[in-house]
Amino acid sequence: MTSDPPDPGEPGGEAVARVRAMLEQDAATAALGIEVVALAPGRATMRMTVRPDMVQGHGTCHGGIVFSLADSAFAAACNGRSRGPVFAASAEITWVAPAFLGDTLVADAVEHTRYGRNGVTDVAVSRQGDGALLALFRGRSVQVSRTPAPRLMKGGPR
Amino acid sequence: MTSDPPDPGEPGGEAVARVRAMLEQDAATAALGIEVVALAPGRATMRMTVRPDMVQGHGTCHGGIVFSLADSAFAAACNGRSRGPVFAASAEITWVAPAFLGDTLVADAVEHTRYGRNGVTDVAVSRQGDGALLALFRGRSVQVSRTPAPRLMKGGPR
Amino acid sequence: MTSDPPDPGEPGGEAVARVRAMLEQDAATAALGIEVVALAPGRATMRMTVRPDMVQGHGTCHGGIVFSLADSAFAAACNGRSRGPVFAASAEITWVAPAFLGDTLVADAVEHTRYGRNGVTDVAVSRQGDGALLALFRGRSVQVSRTPAPRLMKGGPR
Amino acid sequence: MTSDPPDPGEPGGEAVARVRAMLEQDAATAALGIEVVALAPGRATMRMTVRPDMVQGHGTCHGGIVFSLADSAFAAACNGRSRGPVFAASAEITWVAPAFLGDTLVADAVEHTRYGRNGVTDVAVSRQGDGALLALFRGRSVQVSRTPAPRLMKGGPR
């Protein structure tokens, strides 16, 4: 399965620049120690090392933390091929194998298709070194207009 | 839709006690500031307040952190109705509304059904106070035998 | 988990009447032998008996046919609480137990939440008689404006 | 993202032969007019033309019928790389664009990964001719032992 060709009127470097600016404000991604390895329109690769504060009761990385890495890569990939902000609508993850303390995880995200304001992005999370696949993630995104919708604003009437 | 009746031979308090012990070793859940509100066989309620280090580029709580709260509640619910350790196989989340800095999120997890070694658990994440629904999560779990399978063990000391 | 309260300005009987009219034109649902048991705003119950032409290689009902029953109930439930046509955006199914030739399956659909133009509907498929749960389905819907978007129209007469 | 390399001890032609035998007994797939285009270990391509009895209320192919095509290809792909019968555990579909009466749909299934008795298979459904992507499907499978488990057999005590 191949990705769709980019739209003729698709943004190029300016969307990726917007993603970089967005990531500079992203305290959550920074707090998880997530590093950007590569960014391109519709693509993102990110990396995170499993710290002691990411390990859960079964002795392995918390599944939500693995998801968070994939989710950050998903957001960067789909925002990097869009003229306006893109939000995550839903996502699913299949955990293939556990990640352990000290493992460095690599998330590769590719926007598989875009239609109307919607998109589907696939992310594979693997372990750096042996390349073992750890998780498969699929996210669905929706582009919103530049003016935030009322339900996305805090403090006003809902 | 109602939950299935518990199996006649289903564990009671000892499974919930095992969940409590598991949570005491769960550094990731603790690091996220997740508190247990209530635990029962097949049910768990947990709470987390959105901190500055959980906010992302769009000015709202990172979607993976919302997922992590739901995932912790999922794990507690399904392990609390099982004789042996239960692992998450896959999960999906639909983000209904954004969570903001300072919001306290409440995750209510209910194991909807169990069949063979498999289970499906639904989690609703809402905002404390106005009760607004923020996300719907569905997780699929598999009970493993008490002896870890080789693929779950990592070579070398950790 | 309870359903959201209906919107104050929510449609009542006219939306359900629109669903009934829609179903009268739904050749696919009719060809599958799907019967409407009950319709209400945000809710639908449908029934289908597994015929010889619905059984697959493993000797059980084709998983896609079970999905189709759930999908028809999903469409009726969410259209019955909407002012305009609602389309399915994505859905997921977990098969809990097989259905066999001659079994009558009952799908109960409840629109769990609606936000903006989006909705999430849960469907449980069970076997009539013993009430055994056979599948859990979750669908995500989007309301479109009454005027079909260009991407939904196909060039040329049909 | 590439597929995993086949296991060293993986079955070859005999698994594909088993899939062909399975499909000969699959009345549901035949009744939907689904044709096999190509089969290989971990891969399957199938084709179906949208008939008048597959069209629903919105004037397009019933979403469950599109799902059924993808599901048949999923089953053939994952059974074609397995020593024993493989069952579908769960699946999700994103509908990208509608299919219309007379369209011929092509489903391309690739087993993305296999781990333990589990597997993940991705299916893309496109329209023959213009190749437009119509749906993305992801299925999770579990291999069962050759002896059916009691809960999978009909007629005995439940």
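The letters A, B, C and D name the chains in turn, as written, and every chain counts its residues from 1.
The rule is short, and it goes like this: contacts are C-beta pairs under 8 Å (C-beta built on N, C-alpha and C of every residue); 3 or more make two chains touch, one makes a residue touch a chain.
Fair warning: this is a prediction, and the values are worked out from it, not measured in the lab.
S.K.: Sharing more than half its contact pairs with A-B, counted by residue number, which one of B-D, B-C or C-D qualifies?
M.R.: Residue-number overlap above half with A-B among B-D, B-C or C-D: C-D.
S.K.: Have a look at A-D versus A-C and report the one with more C-beta pairs in contact.
M.R.: It is A-D, judged by the count of C-beta pairs in contact.
S.K.: Quick one: chain C and chain D, Cα centre-to-centre, how many Å?
M.R.: The separation of the two C-alpha centroids amounts to 21 Å.
S.K.: List the centre-to-centre spacing of chain A and chain C in whole Å, with centres computed as mean CA coordinates.
M.R.: 31
S.K.: Centre to centre, by mean C-alpha position, how many angstrom separate chain A and chain D?
M.R.: Each chain reduced to its C-alpha mean, chain A and chain D end up 28 Å apart.
S.K.: Using the touch rule from the top of the page, what residues of chain B touch 2 or more other chains?
M.R.: 89-90, 92, 94, 97, 115, 118, 140, 151
S.K.: Sort out for me which residues of chain B touch chain C in the complex.
M.R.: Within the complex, chain B contacts chain C at residues 1, 4, 92, 94, 96-97, 108, 110, 112-113, 115, 118, 120, 122, 124, 133, 136, 138, 140.
S.K.: Mind listing the chain C positions that touch chain D in their complex?
M.R.: Residues in contact with chain D: 22-23, 25-31, 52-59, 61-65, 67-72, 75, 85, 87-95, 97-98, 100, 130, 132, 151-152, 154, 158.
S.K.: Can you check the complex and tell me which residues of chain A touch chain C?
M.R.: Touch list, chain A to chain C: 89-90, 92, 115-116, 118, 140, 149, 151.
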